[in-house]
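Every chain is named by a letter (A, B, C and D) in the order it is written, and numbering of its residues begins at 1.
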Amino acid sequence: MNKLIFILAEGFKNVWRHKSSAVSSVFSIYLTLIVSGSLLIVSQNTNKLIEYLRDKYKIEVFFKDSVTEKRVEELTADFKSINGVNSITIISKKDAERIFKSQFGDDILSILGYNPLPISCVINLKKDWPSRIDIKPIISNLRKYREVDEINHQGKLISRIENYYESFLEIMVVIVSITLIIAVFIISNTVKLTILSKKELIRSLQLIGATKSFVKGPFIIEGVVHGLLATVLSFYTIIGVLNFSKYFIYDLTRFDIYYDQVFIFQVLLSLSLLVGFIGSNRAISRFLK
Amino acid sequence: MNKLIFILAEGFKNVWRHKSSAVSSVFSIYLTLIVSGSLLIVSQNTNKLIEYLRDKYKIEVFFKDSVTEKRVEELTADFKSINGVNSITIISKKDAERIFKSQFGDDILSILGYNPLPISCVINLKKDWPSRIDIKPIISNLRKYREVDEINHQGKLISRIENYYESFLEIMVVIVSITLIIAVFIISNTVKLTILSKKELIRSLQLIGATKSFVKGPFIIEGVVHGLLATVLSFYTIIGVLNFSKYFIYDLTRFDIYYDQVFIFQVLLSLSLLVGFIGSNRAISRFLK
Amino acid sequence: MINIDNVSYSYKKGGGVSNINLTIQDGEFVFLIGPTGSGKTTILKLLYMDLFPKAGKITIDKFDSQSIKKRKIPYLRRRVGVIFQHYHLLEDRNLFENIALPLHVLGYDKEEVVELVNESIDEIGLSGKESHYPHELSGGEQQRACIARALIKDPEIILADEPTGNLDPVASFELIKLLEQISKEGTSILMASHNYNLIKSRGHRIVEMQNGSVRQ
Amino acid sequence: MINIDNVSYSYKKGGGVSNINLTIQDGEFVFLIGPTGSGKTTILKLLYMDLFPKAGKITIDKFDSQSIKKRKIPYLRRRVGVIFQHYHLLEDRNLFENIALPLHVLGYDKEEVVELVNESIDEIGLSGKESHYPHELSGGEQQRACIARALIKDPEIILADEPTGNLDPVASFELIKLLEQISKEGTSILMASHNYNLIKSRGHRIVEMQNGSVRQ
């Protein structure tokens, strides 16, 4: 009991005694947490980003002049059963009129007295495909219908985005793992540097008859305190930057960054504690043969 | 001369002797350079990005039915003299026909036998305005013409982007300065940690009669070597990431990232040397009263 | 009881001790003399198990060098008070904290620590210097602090390596008398020293080393 | 010539020396004795200008404590060979490199350094141990290395603080004889020591300190 109090007190005193190395140590952990945290948010938003981009995939189908609105409704009900189709919006003659007006600034009815624009529909694709979307089968499926006149789609854009979808996920995984390895590495190094100047203390304690845990204790507590400080700092940094850029990005692109404060804090905390613990333990053990 | 050789040799030997602290030190400088380098590239591309976004600003002007192509040409020549207008593309009746076809999938001539679509023109704005673009005066200028029927513009998008233009530049400056201050700080701290374990050496050298520069020399050379290593590493990291993301981003958005390898290397090098030099000097001087 | 049974040790770069035999009974006071580099410190290091014999066996109470587990070594060291040749006072702790450290390792509570340490500082004549850091003490004062640190936990065995090197003749004589008194209470003491004048004719056993061996 | 003119110094936490007067001529060999904490090391520190007098003045050759500029202190120290009470051998350099350091500071070239250092290691009887790091040397061997390091640059003044604390009687006697020989060649020597038996009746001046003052 007395030993525990002593070890705890020593740990906290050390944070203060080694102020300047504490700053370095906290800062290293802080930087690592910032990087890891950012990656966490990016990866949490990857799916949302993909969905955001896929939201823009649209297939426009124009029907022949002779096709009635009723028939279009039947046809679109058919289309819905095509694999990969999510929803369909019918653009009636009236809607087309409105589009014409916005496009050409003129009212087609007042020009012609009647509406010559064809009925069309916009097909929205399912967004949650597990892998890349291939729209070719959908298109060829649509072409089979006699009533279909023309099909417009941004096939190139879609395949460009989809090309990157899979490799993007892979890259994310690689970057996150590298960052974590680097995190353990840099923290263990900083602690090693700190401990280097305390070799004498460790040796003395051992010669006096201190057990391993008695020697390690204060260092690990010191490391944990550094980790906690870094967690708090990096958490507020990340949230601050997020809050700012969230509105900025939403304003420009209508893309709404998703994040969960509690989850971010938990990840940062467990990361800093885990990595800090492993780091200090590794570093001290070197001097404790 | 002999002293110089000794100091140089000591400096290089120290890099090897203190391998593990060297790794920490190089890594800190490396991280700082990565951040600074990325900011450098972002700031170099800020203008390009703004131009890229401004490229999308367009004002569409629809003329009244009665206006002839010849009169439109005269009018657009007039428009060009409006402050802020860069170039103007006339969309003739034939062009409008083609747009109609792509939009509605139908040939308006085959439907109606004649072309009721109005002539219009697209006004591109100057991109290199020194400050935010305000399109209101341009619009009101255009409205003065009797021949103009409708004006379409994305005023909202433009003002959204322009709103951020100025604050974006300000934020960049703030971030870069903070990063630089942190850089000096973290490097000086790492060096201080390294030197802490060499207090004894410094004291001994002083008691033997070594001058300040003799004591400092090896440390500063050590710091400079660390800086050089970090420069090379961060340079290749940045170039590698750039090369990868350049094509990625170009493929997705047609935005071509601009960068100048030689300039980046120069900036990284001078930053690491300067900051490394200031950092080690500051750290040693503490122990050298 | 300490028993050194035909022990040899050699450093990687040469030097060391060979075929050492020595038994020290409880309450016995033995001096270890010999020229520089003859192996005195090496024997003491073997006794507090900082080094392990390449051959032979060392027994200290119930611990022996052949069967002791690494994590049991701290418990051996808690029974042994060592005065090191190079003091090993901690530079970043003051006199009080340095002397208190062994008590914290043993888990004494705060009041006990304060009482025992103050008493001990008084005894070595350094009261008023509790807050001095090692570099703020004179050579002899540091050496006395090391002695106090070794003795404060009432060890069953005392190993002293040249404890009078920085002490003036009076202080050296007082130290010997103090150790003699402690040894009478049953503590075994092995003390390495160059100060032959000080230790001769006090009636204690003197073991002489030469070139890594005990001279008979 | 060394001249200490009514010098006083006090540490922040108390202790120090007061009203010291002492003159040492070229080639003179002076012993400084006195109990622990009497101020011997303090006087030596004042002489190599690690401390500066609060009152009075110290003159060493052309340098004096009142007018010397900070950046000139290294040049004073190059003329003075100091054997410290706590050796200050560098832990991360081996014996050879430790002894060579003062020569590098003076800018000797490589061949000279190798020759002089080998010669000096031979003289102190440590040949074969050039590559030993300080913790791989015995206490006495470390002390001899410090002596060699202080003497290798042929100093004009030698300050020795308890240089025999870890030496056996034979080695101590040899050191005194070596220093006597050096002093005969015109070097001033001031040596602080507790080993009264060693220094008495050798015909050198003995200055006794007590409580921070010179006892007349």
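Simple rule for what comes next: a contact is a pair of C-beta atoms (placed from the backbone, for glycine too) under 8 Å apart; a residue touches a chain by one contact, two chains touch by 3 or more.
What you are looking at is a predicted structure, and each value in this text was computed from that prediction instead of being measured.
Comparing the CA-atom centres of all chains against that of chain A, the greatest distance is found for D. We define each chain's centre as the mean of its Cα atoms; on that basis chain A and chain B are separated by 23 Å.
Averaging C-alpha coordinates per chain places the centre of chain B 67 Å away from that of chain C.
Centres computed as Cα averages put chain A at a distance of 62 Å from chain C. Counting partner chains per residue, chain B shows two or more touched chains at no residue at all. Chain contact topology: the protein chains form a single closed ring, every chain touching exactly two others. You'll find the chains touch as A-B, A-C, B-D, C-D. Chain C contributes residues 48, 50, 71, 74-78, 80, 82, 84, 88, 90-92, 101-102, 104-110, 149 to its touches with chain A in the complex. Here chain A touches chain B in the complex through residues 20-21, 23-24, 27-28, 31, 60, 62, 65, 96, 99-100, 102-106, 108, 111-112, 116-118, 120, 149-150, 152, 160-161, 163-164, 182, 186, 189-190, 192-194, 196-197, 248, 251-252, going by the rule given at the top. Of all residues in chain C, those touching chain D in their complex are 11, 13-14, 34-37, 40-41, 85-86, 128-129, 131-132, 136, 138-141, 144, 161-162, 165-172, 194, 196-197. Those residues of chain A lying in contact with chain C across their complex are 1-3, 6, 17, 200-201, 203-212, 214.
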